[in-house]
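Across the two complexes that follow, chain A remains constant while its partner is chain B and subsequently chain C.
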Partner chain A sequence: MYRMRLPPWLLLLLPAFVILLAVVAIPLVLSFYSSFTAFQLTRPETITKWIGTFNYQKAMGDANFWAAFGRTVLLLTVALNLEMLLGLGLALMVAKVTRGQRLLRTMMMFPMMFSPILVGFQFKFIFNDNVGLLNNALQSLGLTDVAIPWLVDGSLAFFAIVFAEVWTSTSVFAILILAGLFAIPQDPVEAARVDGCTPWQTFRYVTLPFLMPFIYIAMAIRSLDVARAYDIVQVMTAGGPARRTELLWTLIGRTGYVDARMGYANAMGYIAILLSIVFTVYFFRKLTTARTSLGMGD
Partner chain B sequence: MADVVLRDVVKNYGALPVVHAINLDIAHGEFVVLVGPSGCGKSTTLRMIAGLEAISGGTVRIGDRVVNDLPPRDRNISMVFQNYALYPHMSVRENLGFSLHIAKRPKAEIDKAVAEAAEILSLTPLLDRKPGQLSGGQRQRVAMGRAIVRHPDVFLFDEPLSNLDAKLRTQMRVEIKRLHQKVGTTIIYVTHDQIEAITLADRIVIMRDGHIVQIGTPLEVFERPVNAFVATFIGSPPMNLLPATVAGGALRLADGSTIPMPPGLSVRDGQAVHFGVRADNIMPEGHSMPPTAHMAHVEMPVTLTEPLGTETLLFATLAGTEVQAKMLNPRPVRTGEVLRFGIALDKCHLFDATTGASLRV
Partner chain C sequence: MDQGQSHRIRRRLLALGHFIGLLLAMSLICLPGLWVVLNSFRPTVEIMAKPPVWIPSELNLDNYRAMFGGIGEGGVPVLTYFWNSLVISLTSTVIALLVGMAGGYAFARYRIPGKSAVFVGLMVTRAVPGVALSLPLFILYGRLGIIDTHFGMILVYVALNVPFTIWLIDGFFRQVPKELAEAAEIDGCTRWQAFWKVEFPVARAGIASAGIFAFLTSWNEYALASQLTRSLNSKTMPVGLMDFTSQFTLNWGGMCALAVLMIIPALVLTFLVQKHLIAGLTFGGVKG
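Here is the complex of A and B:
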């Protein structure tokens, strides 16, 4: 009887290899390859039409692409900083609570429990200029008598999207910073109080440096999140009107699936991924620096 | 510099009292050590003086100010913590200068004060290191340096040496004493180690279960302990305590044998007592026992010996109780060997068997 003789280690690793190959490697190679072709979803045979770096060159010169790129970076910067400040404030307040803190911590997580699609619809409704909650409230209070075009005006729509992002994800910062607050050794904090620090100075010079690693971890997680922002924006404005809220991935999604130009979409996707990598590397660098300065492992 | 006065100071955690109305007067420039077993309320007392714990009752005065409601930063105190409590993200230089920086002193003054403190504590070569790059002893010196740069009214130490190894502890003890001689600031020092207390203190405050049991100079608490607790807590090895009964002007031990009554005691016939004698006052005959007027003699079998070089600690049995005695100019002793011991009765103590109180007058 013939039996195939595979070494046991290979045999045992084989399922993992196969799955990784099917799920990660093949799509990765295929999409990367297709970014060098004129691949169109509606004409499958075009995947063999090699056009070299044409898609990349096109993206480099595409004003719409760079506008979306810039807007994504802006969203990332604004949303992350706002979330950090709000999350820090929230965590500091929750840390002071002695009774019912568990409940508060759970409640803080609520926004993360909803599907971003639903959050998008919810805010689309809230910011709707005719029937929206916000305009209704403003008008009932007599603060304005016009229908403010929240999702139509470029800056207002950007604000609305930032608002939705911040509402959903501030708790990522709050939870991580709260964990940091619990992990802070009490001794240096007490030493600072004895050394003459006011509560603000204690926070500024002792507590905050201890929190920085936690803040950078949250930043790294959230920068990946925001750099691939799609769902909330797609639902609220779909990048419109007239590309006023276009982000990288709404643009890429439309190019690939609506215009069916998958080769070009993939090329833009790879450039967009570079952005994520840059941010991740940046925040991990900051994290390492912060940890080293605290004398925590190398 | 300032004196520190505690009047009926109480600390409760919820309904649980941990410090019971203690009174303590500490003079300008005095080195006072709070000592007692773990959990007796030493740290709590110190932290109330520092302002890190709220005071539940009574008053704490530093200098001419009642500080009960002042935050730590307004009390002009420095504190050295058991775990050093250095700022890990700051260099040694920044750690030392931090309090002055916070007080917005001019840079030149800060540099000068830091250099001075670093010189006193031999930290000059380490100024640019981070705490993570220092050994335990060096960290402790930085913590002390941080305390002295401010020239506070009072230094507070909470078990500063208990994380160091034995050799370093002895060395740092000397440095702390030297520091006190140099700066002359009032020091309140907490430890559970009675040797540290005796070697450092001008006055020792012995605490137990949130009460002050005795206050006195090291010699006073060593020679005249107010009760059996202090007698066994202070001194190494701990004082031997033998159950006995007062019978016709003598002490009857558990096995019925008697020894003469030590002088200077107030007892009544039939009273149940503990007879207390330190190892230094019970020695085998012929081994340099200092002569005294009141001597008693007992014979005891030796069960264990512990040679310490210049002397040997002998474990022996007297009336069913294990007793530790000292042999000066030691010679080898066999286990089971019966030796004749002299007891210096005028150095001995009696404690009431029920209250533990000393019966010395």
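Here is the complex of A and C:
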């Protein structure tokens, strides 16, 4: 009889490997190669024009690039932490509800169903300085007379983007943390109460350590998904005005498609990918540590 | 006595605070979305009115009528977009689930050398931002001639979803005791039969939750679709939203109507599987 040479696990994972190789790995190799050329989308023959590490050197010395880089890291840090805290609060509140919890859970997931690009348009209109919902409400309530330039002023626009980001993604944290709250064994919690812990102490030293793996999973998922911010930012401000909300991805997209400088865009793209990988691996490490300390490791 | 009373007041206050906090959070979560739904029933003039119109004078279906109407009258080929979205999302979800089931089963049941490295390697492919991926994919697809086809989009979305489906489904298969399948094999099942008759039904809920995530990702994706689709052949609804924008104006009412059309299928699906969703994430999470 014919015998399979491949071990069964490899055979089972093969479809996944093949697809990821075709759609992710090969394009990445291509973009890695083109990042060393002067490739321009409008002139296909330029892909053979080897210019070494010129694009990377250019990116390293480009103040716009570093501004976008710093802003991206800042956005990630601020948004992820806010989402974590708000998600934790939301999950704790929802978990305490006994009646109608299913409805609340579905409501909680509402923002997840919105396409990021739709979220962008939605908040573009809410934050519009002239006819936006927010300014209208503030003016109707008599809180302000002037039209606050939410999307025009640099730091206000950054706030608006963070708000949109947090609005869409807090539910991811809330759901995962809620799942964690349901999975917590009740014995240690009760033991802590019997031993005279205050509610805060019980939360801090018993509940929270149990929730940590879930928080890190949410962090890992979200740090994988950060590219969502591209859609939102692209629609809300397109990186403007005057680059004041430029993120790595809007910068790369514009350089590649609008300016047609693919080689340079790919070089910056590689640096952006490295940043994503660093974040992801960091949170996976944290996750493994948290699991091991709870005795749930492999 | 006195102490009991103050205790009771404190508990009442806490309950009240809990209620208000929850109310506030839920309104923050739901209002922006409900505002979109409301606007889809109002004429654009009223949405843009200054001073604002808070209480709509009339609600009508004009935006929907225009959207489904002819192309010349401000309508967009929304049914074609809907069909493209549906075909691409459903097909890619099914394929991603099948590939994810194979992969998840492998991770849950076999010894794999360098398991965690392979695992993180898979996840890292998901870390590549869509826009960074879309540049080289655009060139590659152009060479292969699969730009603007259903096939091309399905392929991309399968790749996008596979790492996550593997992760979730792996967690679920781990919940199924090995002994269950072994018992079935002793009773004369082949491994294949044991999988479909014993392990698959038990892990079905987790697979459903992985499915909803995959579906929502493909249904809502924009960065890749905007570059890899060109025409009615494959344009999906998120890209279709852009039809309502022109250089300086924006048909906000029409856009809201299309948005509602996008949200309804997602809402129905999420509501159906939300219970499994939470259970699925629990298993996938802790036991990963």
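One rule holds in what follows: the second predicted complex is superposed on the first by the 271 of 298 C-alpha atoms of A that agree within 3 Å, B and C clash if a C-alpha of one lies under 4 Å from a C-alpha of the other, contacts with A are read in each partner's own complex, and residues count from 1 in each chain.
Everything below uses one rule, namely that a residue touches a chain if its C-beta (ideal position, glycine included) is under 8 Å from a C-beta of that chain, and two chains touch if they have at least 3 such contacts.
Model, not experiment: these values are computed from the prediction.
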Clash or fit, chain B versus chain C on superposed chain A: fit
Which superposed partner A:Leu104 touches (first chain B, second chain C, both, neither): second
Partner chain(s) touched by A:Ile252 [first = chain B, second = chain C, both, neither]: second
Partner chain(s) touched by A:Leu85 [first = chain B, second = chain C, both, neither]: neither
Which of chain B and chain C A:Val23 touches, first, second, both or neither: second
Touched partner set for A:Ser276, first chain B, second chain C, both or neither: second
If touched residues of chain A are counted for chain B and for chain C, the larger one: C
Partner chain(s) touched by A:Pro8 [first = chain B, second = chain C, both, neither]: second
First, second, both or neither for A:Met60, with chain B first and chain C second: neither
Smallest distance from any CA atom of chain C to any CA atom of chain B, in Å, after fitting: 8
Footprint overlap on chain A, where chain B in one structure and chain C in the other make contact: 296
Complex interface listing, chain B residues touching chain A: 50-52, 71-73, 77-79, 81, 83-89, 98-99, 102-103, 130-133, 146, 150
Touch list for chain A against partner chain C, complex: 7-10, 12-13, 15-16, 19-20, 22-28, 30-31, 34, 89-90, 93-94, 96-97, 102, 104-118, 121-123, 125-126, 130-131, 133, 136, 140, 167, 170-171, 175-176, 178-180, 182-183, 213-214, 217, 220-221, 223-224, 226-227, 230-231, 248-249, 252-253, 256-257, 262, 265-266, 269-270, 272-273, 276-277, 279-281, 284, 287-288, 291, 296, 298
Chain C - residues contacting chain A, complex: 18, 21-22, 25-26, 28-30, 32-33, 35-36, 47-52, 54, 98-100, 102-103, 105-107, 109-112, 115-116, 118, 120, 122-133, 135-137, 139-140, 155-156, 158-159, 162-164, 166, 216, 219-223, 227, 237-238, 241, 252, 255, 259, 262-263, 266-267, 270-271, 274-275, 277-279, 281-282, 284-288
Touch list for chain A against partner chain B, complex: 185, 187-188, 190-198, 201, 205-206, 209-210, 293-296
